[in-house]
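Chain nomenclature is as follows: A, B, C and D, assigned in order of appearance, with residue numbering initiated at 1 for each chain independently.
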């Protein structure tokens, strides 16, 4: 583990901004933070809880041209490679773990998604441990935590007057060597680091019990409880847009001029009305009940069955931003306690 | 405020016990101390979940659309007007709904409070007579409700009595609204270039999640113009021109119907001030046609009626 | 006026109601009245048929100006089409100007089938006022 | 890294109207360049995404046999609200479009070898079943399979698909073709009655027999009851599902039933698998 005096962080960021395309947390109003490309360290603000929108949009953007088509039938895929490597500084451990899950979706054995994977392979991620988790966070339920290192190349933690830097992957090792001003950590730093890690993990009160949840939900598919759960949901899809693990998308053609245009991929949501609407008029998931069931089952039963990890990382964005304050942790608790079938 | 809650629970219990309604739609506490959450009470013994205070923001009338069973709904002044518009547009059968009106209830603007606390997290809230005490892990502060009212909390004394089956608290003596038209007046005073810059900044925050549309009680189209692909009116991208076009047309589709309930404003995850366009249209319609929607379910809505002598000085 | 803008000619889209304004345009042509060629006409059954989406889409596609013209109130073949349209246009014009589109980008007129001269003068006035505004930038999709 | 989203260019070589109501047509495509044709090797039961620039894409089961190398056929039903099917119908022969695929798991042809095959097709869902019949009847394959019986059911005679193929197959002795319509119609000499009733009258023998069944929901349910009574076991009843699809490669998240994606893990499932998936389709 290496350490760096706090005031030197800006020089490190400036160095990174010079060598790479640096993306870091910025904020216009000090309330809502987002990851944006910065030219230097002046606008970077590391005093934040988590970004408002998840960093998935840096790899899986909301609107992306798959290819352009022309009158003569020619298809032209936009250039995916960029000359400069990209560094994301200050991603939170939950979002980094979410990217590991998205890798499993976009990079499976049979079909690889070049748009996502090119960006992914071209990016080095510096994650920043959380010292002040929010009341909506529940990452510790998913065997990660405020100081988890899954999915990060270099793990950074804020000691108050020091930052610790720890290479997790060899991509991280390689970039860490280039940074100047880092010293080896002494014993007292390591013990402080562990104390900090324990303290922030203890601050997380919200928890859901995941043991055996995937199977339990399978035989609760038509539990009466679903009826109550979906009633207040207005199916706006904000939860899926802000969620770091939601990856459903739509593919549409947009005409841009005579006989030419682009086939684009845009974010979609299982909660939106036409998600499974078929041309024949049939819709296997017509109402709120089926849509909410799909959303919960996909994250807490289908994904565990297919990828043996959960489709949620406990970042709490869906709880914090739901217009009707629907709470996924409460939903799971209610389902756990509910009866699987109506009592005959 | 506490005895309003008691009255509401008593009324709800009676309605459910007499089987007058199958369900009472109201508010209950949620994990977010600054916001209650909608709840659907179907059994008399569950009425104690119902709460009624200045944190009851959501407009519950959206849930009435398409509901077959007889339902009671807790509705603030402007929510009642939403029902009047929905009844006029045949989306809700008036005899199918029992409106429990709370005509004098005003709500606080959660986003104003968060901005004031500069993002410090609120752990719990204590409701006082005309203030709320917000407590965090290291701070606690009393906020006067009147300082943090949600803009547009218009109390009206001219809503038709037929819209109130049950009234909790008293009817407002006179029309009192928070005149936040000052923002609109400021904008009107600006040059068109400055206004364009203002709205450019606002609508570049939009991520097209359509929470505003899904929260609005008057947005109930089977297929929204913005979701259509043939013809694709506007691109699904989030660049400025498409965002701006979506919001202009969304506001125009609510023209002469919007009762300024603030549902779109509250639902927007990116804090876009969505009410400005709707409020401006409502102001124009009041000045041009002296008509306001949702005061009386029998009255024609402004844009689906006309008068021979409507103003036309802008037409060559 | 810099040479660049002299070369620039405003492109104006006109929605003409087929019963009155379109016939008015025919009459202007038949009577050999001269008026600027900047207007492309879309024939619509009634001014009430104009959906605000058409106008916003036109501005987005780069048209420099939009004119909507229909029958005088009372002449409408569908009796009430232009009455509803009149209210809609009033609200539409105000909100477009409120959001920052320059005043005069979108204009409205009543031109009956017999008003050939009026049609020509309206087109002249609209073209000149839009030429003063210059090429459309706001709301245009890049 | 191969880009799974870009379709290969193809040309519409032939359109053939299947029924008088004109909403069922078979489309035949040839690939623009030979290399694409080679690496488009598919098995019966797979589907492909037909792509028209400026309109979009939609999945269709491949109706031609894998052994017919120089073209691919799809039979498409036009829906009033179907944007792509309408655009496809308005295309004329020689026009360009795109084909992406082949996708899906297809029928377990290897597993069927040495077995009797009972094919039950309802309405226009005969497309991939036709591919199976043509593949099995091909002289290179016929010997590998046992008894082949086909029950094609439809509402009225005009809805019966592939009349020429049916006529030709009826003449052969190594396949038993039964055609049935719901209600008697003049000039119809085939069976009359619902698919399940006709199936019961045929009393197929369950021993060493797999059933491939495809068609409307109600037909599948009733036929499976009949097959159950004739002690066909669920693992030997195979059917092909259909859901709205966009990517076709198990990523866009919309065509799942339970944890299975119809495009990647399906569209062919045994009835046994379907019972585990839950009742959402």
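Keep this in mind: a contact is a pair of C-beta atoms (placed from the backbone, for glycine too) under 8 Å apart; a residue touches a chain by one contact, two chains touch by 3 or more.
A quick note: this is a predicted structure, and the numbers were derived from the prediction, not measured.
Visitor: Decide which interface, B-D or A-B, involves more C-beta pairs in contact, and give its chain pair.
Guide: Between A-B and B-D, the larger count of C-beta pairs in contact belongs to A-B.
Visitor: Rounded to the nearest whole Å, what is the centre-to-centre distance of chain A and chain B, using the mean of the C-alpha atoms as each centre?
Guide: Measuring from centre to centre gives 32 Å for this pair.
Visitor: Take the average of all CA coordinates in chain C, do the same for chain D, and state the distance between these two points in whole angstrom.
Guide: Comparing mean C-alpha positions, chain D is 54 Å from chain C.
Visitor: Can you check how far apart chain A and chain D are, centre to centre, with Cα atoms defining each centre and the answer in Å?
Guide: 40
Visitor: Scan chain C for residues touching two or more other chains and write them down.
Guide: Residues: none.
Visitor: Going by the contact rule already set, what residues in chain D reach two or more other chains?
Guide: 56, 83
Visitor: Listing for chain B: what residues touch at least two other chains?
Guide: Chain B, residues with two or more chain partners: 229, 235.
Visitor: For this entry, which pairs of chains touch?
Guide: Those chain pairs satisfying the definition are A-B, A-D, B-C, B-D.
Visitor: Touching residues of chain B toward chain C in the complex: what are they?
Guide: It is residues 187-188, 192-193, 195-200, 225, 233-235, 239, 241-242, 244-245, 248-249, 251-252, 255-256, 277, 280-281, 284-285, 288-289, 302-304, 306, 308, 310-312, 314-316 of chain B that touch chain C.
Visitor: Considering the complex alone, what residue numbers of chain A touch chain D?
Guide: Touching chain D: residues 66-67, 69, 73, 75, 77, 105-106, 108, 110-114, 117-118, 218, 221-222, 247-253, 255, 259, 261, 263, 265, 268, 270, 275-281, 284-285, 290, 294, 297-298, 301-303, 305-306 of chain A.
Visitor: Which residues, counting only chain C, touch chain B once they are in their complex?
Guide: 52-53, 56-57, 60, 73-74, 80, 83-84, 86-103, 107-110, 122, 125, 138-142
Visitor: Quick one: in the complex, what on chain D touches chain A?
Guide: 1-7, 9, 32, 51, 53-58, 79, 81-85, 96, 98, 243-244, 246-247, 249-259, 264, 278-281
Visitor: Quick one: which bits of chain B touch chain D in the complex? Just the residue numbers, please.
Guide: Within the complex, chain B touches chain D at residues 229-230.
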